[in-house]
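Multiple structures are listed underneath, in structure tokens.
The two complexes that follow have subunit A in common; it is paired with subunit B in the first and with subunit C in the second.
For the complex of A and B:
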């Protein structure tokens, strides 16, 4: 992933070629086999605080966009992980399960689950995939989170 | 990076994380003395709290108004103490009121968005006091003009600070009470003693302020050391609610790699505190380790007759009900026990 092009937004670097979910601060990236990987964007990881535990629904489960594919326990966030896309849960990242803090250390490099999407064309329109739109949203989101005290200034 | 492809089985989890349906937890067959005492003194109500200090929900409870009660730091992320436990990590999640905007204006902005209570906190000066003095008038205005509940973190209290907080008519004052000089010196880096902390409580009491002391169990690098003395000091004064929290190793601090205190020592302290202060509300506060330890601590808090829990682990509300208690829910700080 480190060879991918990046979008610079202030002090943050976002991977290009991904779509970002405004509601959950999760990214998705389609793989060559059609599956979609899903992970936290840097603001999602940072505003969660130190992540100490993560759990995922059983593989093979169907998940609907907005539904839970797992749950997270962190210093500033405890609750469900909501999927940006619908589909079948196909795999999870063992490294993240064994060491959830990886999500804080390298949110762009660490995916959580792989989903075989069943409505990606339709649901992609609900996500931010255009670089300029991603940049603008991320800047505004950072400012909002700073004002809300969820992000250190 | 690796990838698993099992297709069946239970929820994959690590560290005792909550699943989507709460785990069934069985109450003990024999009731602990603390539980009997709390039933006698306080009845069967058990209070659960979920302030807006973090985004939080479980399968048992999803708060409706996440921004109702928020923390503000008057120093931003600055702190002269740099104590070994926190090193400003706790301040990072607070709203910054140190960038030139008046505290009152910060609070008004929050009030406009639906917040009706604030915890005014901040880093400490070199003498262990949170620098609230420049904000006394703003604190008073936040309470009287905006109608907000105002709780403050005082740190070590001077006569001037106690008088100023009384003048500001704050709803309550929270401070961590430390009973071991070694902990004050080595963890907090303060040239003070336990006597100074007792004096702080006394000054707040003299000023007729509502006192909400906290004891951080295991603050001495994961070991209980001055906690019993702290309890002795606190019980001499008319405190509103005693909040027990448990040392949580925070990443990127000198305590990051330490283990939290042993569960049995912590739960023994719950039982002792209940017996030592039978008429005082005792709550398990939001600072405590997560995962499996949190479940054990929360169960013990119910078993040993504490009155409430902030951010309960998944399954604990059901556990309290099956222990014969009636849960009540507050989207507020667990120090605000008098406020309904």
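For the complex of A and C:
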């Protein structure tokens, strides 16, 4: 990850070469074997609070874009993790399962699940993959969340 | 819940006692034999947190709203939607305030357990009003590594978990509390309360979830890795920590930023266990300070630090 280019947005740095989901603040990154890794972007991690637990649907399960691939807990809040892409759950990040706080500490470096996508070409169009579009969206999101008091200014 | 649905405030009060278990928590945290022997069903809930004893002396209030209107940030969700509950506690005569992200407390005593969850397209914030609380029954239901730890758990719980009765409020009825909460939430949301019963669709969902709660697969819970230590959170400011390895068994309590109690069971500390406890108990639970105090004990000190430090962080 550290060798990848980054997109600077204020004090945040996003990995380039990834696509970002506007609804869930999750990123996806396609691996050389075609699988897609999925993790939180920095705003997603920050607004989630201190994550104390994550759990994932069983490996081999099919997930549809917008459906749950697992759940997350922070400050006694439990919410679903909604997948940006459809496909089959192929792997978990065991480090994140054992230490969910890694998602807060290093959201760009920590993936949660790997999915074998089955409609990536179509669904990629619903995500932000262009660097300029990502920068503009993230900047606007950051401003919006700051105005709503959701982020430290 | 539809995107344009109005928030719904609902109340429920259990008829019989049971143990509620947070969504991600392990059944192993409970003494299941004790629960069965005493007729305490165990129910895994949809929201988070640890195991709790629930009985007819607790009134639950739940505010459900479309997810789109709920703050994305969890601490702000609580601050926004527990505010009316805190006002209601003040109306009852308690100097309630929000502590940490989501504890409603009077001074250092938690008086309401709260939690939240996103379920479908809705977000629910839930809390309870505890009329009285049998601390010992709560402790008895927990699977704890030793009687020492059970005693310490009870001591901390009696100090940090309170109730209306514990705060000297004994003349407020459940119906009065409902009215006060309804008034406060209606004022805050600028809505006129409309009383309604469960719709047919809601009743079907209640039935469906009643069956799901009894499903062994649901009861087992999601697969999560076994933690290296056990944290028993009493309140935002107080918790117990126990862990062990092949050579050392460690039990501790931390409250108000200090290590209040420490037990070290070991044959590997070369008689320094008492001195180590003396160096730490009553002192700050800050990991750097703890590490500094343990340095003079050499390898034994490092060993204790390694097991103790994960339990010092507030969660």
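Going forward, the second predicted complex is superposed on the first by the 150 of 153 C-alpha atoms of A that agree within 3 Å, B and C clash if a C-alpha of one lies under 4 Å from a C-alpha of the other, contacts with A are read in each partner's own complex, and residues count from 1 in each chain.
Definition applied: a residue touches a chain if its C-beta (ideal position, glycine included) is under 8 Å from a C-beta of that chain, and two chains touch if they have at least 3 such contacts.
Please read these numbers as outputs of a predicted model, since none were measured by experiment.
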{"item": "Partner chain(s) touched by A:84 [first = subunit B, second = subunit C, both, neither]", "value": "neither"}
{"item": "Touched partner set for A:95, first subunit B, second subunit C, both or neither", "value": "first"}
{"item": "Superposition-derived comparison: subunit B or subunit C, residues of subunit A touched", "value": "B"}
{"item": "Partner chain(s) touched by A:145 [first = subunit B, second = subunit C, both, neither]", "value": "second"}
{"item": "Touched partner set for A:39, first subunit B, second subunit C, both or neither", "value": "neither"}
{"item": "Subunit B versus subunit C as contact partner of A:73, first or second or both or neither", "value": "both"}
{"item": "Partner chain in contact with A:114 - subunit B first, subunit C second, else both or neither", "value": "first"}
{"item": "Doubly contacted subunit A residues - partners subunit C and subunit B", "value": "47, 49-50, 52-53, 55-56, 58, 70-71, 73, 75-80, 94, 97-98, 148-150"}
{"item": "Residue ranges of subunit C in contact with subunit A within the complex", "value": "22-24, 46-49, 71-78, 100-102, 114-118, 222-225, 315"}
{"item": "In the complex with subunit C, residue positions of subunit A that touch it", "value": "46-50, 52-53, 55-56, 58, 70-71, 73-80, 94, 97-98, 145, 148-151"}
{"item": "Footprint of subunit B on subunit A - complex, ascending", "value": "47, 49-50, 52-60, 68, 70-73, 75-80, 90-95, 97-98, 100-101, 104, 110-111, 114, 146-150, 152-153"}
{"item": "Complex contact set, residues of subunit B against subunit A", "value": "1-20, 53-58, 67, 70-72, 76-77, 91-96, 99, 109, 250-251, 290-291, 311"}
